[in-house]
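The structure appears right after this line, and notes come after that.
The letters A, B, C, D, E and F name the chains in turn, as written, and every chain counts its residues from 1.
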Amino acid sequence: DCFVNALNEVKPSYGVNEEDLHESILGGILKYSPRIDNILQRVERDIAQLKNSQKFNFSSVLLYGPPASGKTALAAYMALKSKFPFMRMISSDEVIGMSESAKVQYIDNTFRDAYKSPLNLLIVDDIEAIIDYVPIGPRFSSVILRALMTRMKKSPPEAHRLIVLATSSNYRLIKNLDVLNCFNDEIPVNNLSSLNELENVMIETQFGGADTDMPKRVVAKLLEVFPDGKVNIPIKKVLFNIDTSKFSSDPADELVQLTVESNHPQ
Amino acid sequence: DCFVNALNEVKPSYGVNEEDLHESILGGILKYSPRIDNILQRVERDIAQLKNSQKFNFSSVLLYGPPASGKTALAAYMALKSKFPFMRMISSDEVIGMSESAKVQYIDNTFRDAYKSPLNLLIVDDIEAIIDYVPIGPRFSSVILRALMTRMKKSPPEAHRLIVLATSSNYRLIKNLDVLNCFNDEIPVNNLSSLNELENVMIETQFGGADTDMPKRVVAKLLEVFPDGKVNIPIKKVLFNIDTSKFSSDPADELVQLTVESNHPQ
Amino acid sequence: DCFVNALNEVKPSYGVNEEDLHESILGGILKYSPRIDNILQRVERDIAQLKNSQKFNFSSVLLYGPPASGKTALAAYMALKSKFPFMRMISSDEVIGMSESAKVQYIDNTFRDAYKSPLNLLIVDDIEAIIDYVPIGPRFSSVILRALMTRMKKSPPEAHRLIVLATSSNYRLIKNLDVLNCFNDEIPVNNLSSLNELENVMIETQFGGADTDMPKRVVAKLLEVFPDGKVNIPIKKVLFNIDTSKFSSDPADELVQLTVESNHPQ
Amino acid sequence: DCFVNALNEVKPSYGVNEEDLHESILGGILKYSPRIDNILQRVERDIAQLKNSQKFNFSSVLLYGPPASGKTALAAYMALKSKFPFMRMISSDEVIGMSESAKVQYIDNTFRDAYKSPLNLLIVDDIEAIIDYVPIGPRFSSVILRALMTRMKKSPPEAHRLIVLATSSNYRLIKNLDVLNCFNDEIPVNNLSSLNELENVMIETQFGGADTDMPKRVVAKLLEVFPDGKVNIPIKKVLFNIDTSKFSSDPADELVQLTVESNHPQ
Amino acid sequence: DCFVNALNEVKPSYGVNEEDLHESILGGILKYSPRIDNILQRVERDIAQLKNSQKFNFSSVLLYGPPASGKTALAAYMALKSKFPFMRMISSDEVIGMSESAKVQYIDNTFRDAYKSPLNLLIVDDIEAIIDYVPIGPRFSSVILRALMTRMKKSPPEAHRLIVLATSSNYRLIKNLDVLNCFNDEIPVNNLSSLNELENVMIETQFGGADTDMPKRVVAKLLEVFPDGKVNIPIKKVLFNIDTSKFSSDPADELVQLTVESNHPQ
Amino acid sequence: DCFVNALNEVKPSYGVNEEDLHESILGGILKYSPRIDNILQRVERDIAQLKNSQKFNFSSVLLYGPPASGKTALAAYMALKSKFPFMRMISSDEVIGMSESAKVQYIDNTFRDAYKSPLNLLIVDDIEAIIDYVPIGPRFSSVILRALMTRMKKSPPEAHRLIVLATSSNYRLIKNLDVLNCFNDEIPVNNLSSLNELENVMIETQFGGADTDMPKRVVAKLLEVFPDGKVNIPIKKVLFNIDTSKFSSDPADELVQLTVESNHPQ
């Protein structure tokens, strides 16, 4: 745990890193449900308050929901939309191979960087991954967790404003770890819940191309399996299934089958 | 755990650090309930005894209560009021990134600094955070805990007087860790417990501005949800809700809704 | 855990390492059951999608099944068949003697190497072994696991494509560790399940040589022990048994006996 | 755990350190009960045996009882009374910030110092604190514990005599850790157990000053709360309460209230 | 865990180390039961296959049985009989005082050495001891275990052949740790199970010397204690008992008594 | 854990260290029961076998019994009686302050020293203390334990003979840790079990001096408390009690009282 090495491991990091954020929304933000607009508006309100409040120069927001439901994409989208002069993302792939203390240093440095511009936005992506959580044990780095919690509760120095958008796939864990106290707002992100929403995704992604009836046909077939039209599939999986289907001789049929396999009955 | 590095990590720290204390009471100390004055008077008595006692030159006081209930603000307020020549705060954000032994060194050094002036006041803010406590495990640094306990029981050298104001959100933990033995006095800090108290906060913060009836209207609407007028909301959340509401087209309505969402039924 | 040492421990590694892959299929890929072709076609489809998708430049596939059932051989076979310009295997014997942090570095470096060519294929062989899993405790390196999970979810930079073929003998563990979320496709690999399949292996390996009736005779004798013709033996064990039998005076009899001993009743 | 650093951390320590011992009995030794004299006589006998025995040149004595009951003060008082040429106290505040191995070294060195004079007395104050015990886990340093146990059982070299006075607030722990085997004598120290004892303390401390009836009045009022006259309060708390009361307008009333709050019903 | 130190701790080791192997069979290999020949033949067959197989250049065999039953002696005996140009033994006494990582290095180096000759034999003696297993906890080095498992499953490079003979006294542990998958063959070694076998040992060791009836007399007396003639005593204990008896005035009687004391009823 | 430091911490140690052994029997070996002679003879036989055996050049013997029952004194006495050219004692006070790896090195070096003379005797005193055992957890150093076990099972090189005398107060622990397999002989050491034995000790130590009836009087009084004459007191405690009594005005009465207090009812 040599301090000097730890320093070397930590890359200096200043200013906006828009590239990373763009990479997180390569699949776009499809409006397959009114829920999507609700989420976007709620984050927008939180950002507006942070910008304009006369009392508070700090706010932190949690986006939580099942794996692959779109949490990171939504946070990145709103970050880009905020046009804040400083925006960055803390994510687990940046810290692979660092010692625990170097990770803490990295997190702390990134937060301190986020005190330098008048308006700062920080995404803390996938809290579980950042604290090295694994469910067996359970195990996680309590030192990283504590550093994160301390920073996610602490206002920046006067004349600087910071909003933190954090994501997590494990709400219960976040609650049991007493991390909820860090957040001013908690926003749920859900999986696709109906064939109707699935149809919207197919339409928006032009599944079937010229054959514009294909989405309808897929839904019709799926109604045989899901008579109440209720499904539970993450948006990322839906997009992957649609992509896979294109390499099949009968894409509609393939998509039906993949959709059935991907459904998580609740 | 190299000792030399540990030394370098620890910033020297002398004299009063009033700036930090002021930051902790940016939201003021609103007198929304007679409880607030009771707390202030009790701490005042403890400080008076420490100043004037012919037998004891050391005292330590615990302020405990739910998250965001105002513990740190109350301790900081009383510290500033004491006008002691030396006052400082030990808090977790000062020690992020330090090794465990550096944290112990930091705590010990701060206490030793607090032996140098005739009258010294030390805030030990959020014991759980300082000992790196996380509820799953549970985990915490027993080395930091032991250092803290030893210092919080030990009188300073003759001719020096020290009072410690410690805060904690987890009374049960503090008790189970045998830390209660360190304190001469234990003072509970509570959440807002009634719509009446909420009204007081709205009035004191001039919620509604010119529209001075707004607090009353909010309370009236809330009585529909809480017919007995009983709520359980931390002061910090109340102040944040009031701030959020200002960015809505219908602030009263927004505040009603946010208040309902923020209530922790007991 | 000295960083400099860690660096020295990690061998640089570029380009295709076909030799290792060939070593994994010295026993060939015998088509003893239609399941084998199904597996090969499914991996082939996944590789084709990765190559041609306009939306996704990353895919990861899990091959899981009992010990010695042929997971590594099947992954290595498909890798070689892909003719990707970059293909490599991460396996536990490469990292013996490295510190935990050197292993993480090694894994991370290998993934980063796999971002350099337009088409990259990486085998992550035996996840349990790589994370130093042992069932008593249970114990494993959560740091290595987290590094692996982060990399197995992360797309390479634009203009690069990567498919990961991972293998595991412990599906339940992989599921309990939340690793399943990393995979786009999960493919089961099974043991030989019938005397018919065993006969196919004997024929393909020319057991008995000139005496082409020997396979049939072995099966006939085994039917006395397994009247329903159902067995459960890994392919690797079957091949070893056939080899052992050759050193006996009565190979058919010996093989019968070894087969009975090797069967894992379910 | 660098050995060189460990050495530097350990301050050399020779000869009598009477100052520390005096600090431990600033509140005096009040004879509020015949038990106090019994304890003092028993320790006196143990010291006399150690001084004069022809067979044993080593003895170790345990003083145990609830927190703040006066264990350290009693041990320090008897140490000073012994007038041994070498006397010292091992206590947790001396070792804050040392690494575990430095603490062991410190303890061992202090014991070795205590082999140099013909008559040596060592106080091992608060065993739990020295072994870094915390009840959750429970956790403690088994290495420090073992070093302590080994030293507390081992006779000094011939021609040197050593008596160890150890204190502990957790008899059950000491027993469960097999530490009891280290002691030749075990002496209980108790809390004040009756209003009569409380009255004695008030009289000895001249509570009320000229108003010599005040102790009686306090007792009379307390009899209303504790009709059987039984209480359970540590002497240190009693003295603090008396001191606090002096800062009240109605000291008697204040002391009654503080006493009621301080009582630990059994 | 300094890497440089680790290197220095590891002694280079090449070529046959017959001396150590001879030391393991100082008590000879007595043929007290037909089981002994069966074991020797089965290991012989495994060695023959390894030497001659056209498919497999690697094999690993487990000898398991109760403490002192003769596992190490049997493995060493067969190793010497194999006349392989390279043979060595990994045993716990070689690695005392090494750090965990140095042990892993030592094991790995020894295996790599065992890839250098055309025919190599390695004894991995007492797996539990090598992995620092102790039953309370239970505890063991999962890092050493994983290194061992990886090496005991991995074929040497082409043109090299390696057979591993491993021993263990704790079959259940080996099974629970998933180590059984490493072995191609598992051979039980048992304790002496009958007075008849005991008699054979006495005869072979010429117990009684000229008095050739003594074995019979011992058995006769023992039949009174064990009427069914069944015992359960490890061969090493039997040989020690016979040796102890020689220092008694009545060796036969002494042996009877020691035998009764040594028996492990099942 | 620096290897260089570890080396420095370990003092070289050669030849006989009779002084330490004499210190262990300052209280003599009183023949208060025929059991004492039985123990001495049994150890004597074990030493004789080791000296003269033509088959075995190694033996290890366990002396086990309750705390203070005389195990160390008996082992030291027999060691001195053996007149072996090399004899030493491994005990916990020699290794205080060493790191775990230095302790292992120390133990290993002492054993290696014990291979240098033709006849060597090693006392491993208080196995629990050497492995840093504490009952809560339970905790102990599995690395030291494994080193000890390996050495206590391993014969010295040819032409050297070694007998190990180990002591332990916790037979159940030794058994549960699988350490019993290391010993060729296990010898129980017990507490005084009857008033008759106590009388023998009083007589042998000339308790009462000229007043030769005093032992009888003490026993008479004790019979009132223990009507069946059965007690359970360790010899060391008995000797301490006798010594304490001498400092009383009524030694007989004092000894009666101390004896009653010291008794461990079974």
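The rule we apply is simple: contacts are C-beta pairs under 8 Å (C-beta built on N, C-alpha and C of every residue); 3 or more make two chains touch, one makes a residue touch a chain.
Since this is a predicted model, take the numbers as computed values, not measurements.
K.L.:
Enter the minimum step count from subunit A to subunit C; a value of 1 means the two chains touch.
P.N.:
1
K.L.:
What's the fewest number of moves from subunit A to subunit D, given that each move must go to a chain touching the current one?
P.N.:
The least step count works out to 2.
K.L.:
Work out which chains are contact partners of both subunit C and subunit D.
P.N.:
Expected: no chain.
K.L.:
From the C-alpha centres, identify the chain that is farthest from subunit A.
P.N.:
Centroid comparison gives F as the farthest chain from subunit A.
K.L.:
Taking all residue numbers at the subunit D/subunit F interface, are over half used by both copies (same) or under half (different)?
P.N.:
Answer different: the two copies use largely distinct residue numbers here.
K.L.:
I need the rotation angle between the copies subunit B and subunit D from a CA superposition, between 0 and 180°, in steps of 5.
P.N.:
To bring subunit B onto subunit D, one rotates by 60 degrees.
K.L.:
Please report how many Å separate the Cα centroid of subunit A from that of subunit E, as a whole number.
P.N.:
57
K.L.:
Taking the mean of the C-alpha atoms as each chain's centre, how many Å separate subunit B from subunit E?
P.N.:
Those two chain centres are 66 Å apart.
K.L.:
Using Cα averages as centroids, what's the distance between subunit A and subunit B in whole Å?
P.N.:
Between these chains, centre-to-centre, one finds 33 Å.
K.L.:
Residues of subunit C that touch two or more other chains: which are they?
P.N.:
Expected reply: 1-2, 140.
K.L.:
Following the ring of touching chains from subunit C through subunit E, in what sequence do all chains appear?
P.N.:
Listed round the ring from subunit C, with subunit E adjacent next, the chains are C, E, F, D, B, A.
K.L.:
Which residues of subunit E touch subunit C in their complex?
P.N.:
Spelled out, the residues of subunit E in touch with subunit C are 1-4, 45, 48-49, 52-56, 101, 104-105, 108, 138, 140, 142-143, 145-147, 149-151, 154-155, 173, 176-178, 181, 184.
K.L.:
Any idea which subunit B residues touch subunit A in the complex?
P.N.:
Listed in rising order, the residues are 1-2, 5, 8-9, 23, 26-27, 67-68, 92-93, 96-97, 99, 129, 132-137, 139-140, 239-240, 243-244, 246-247.
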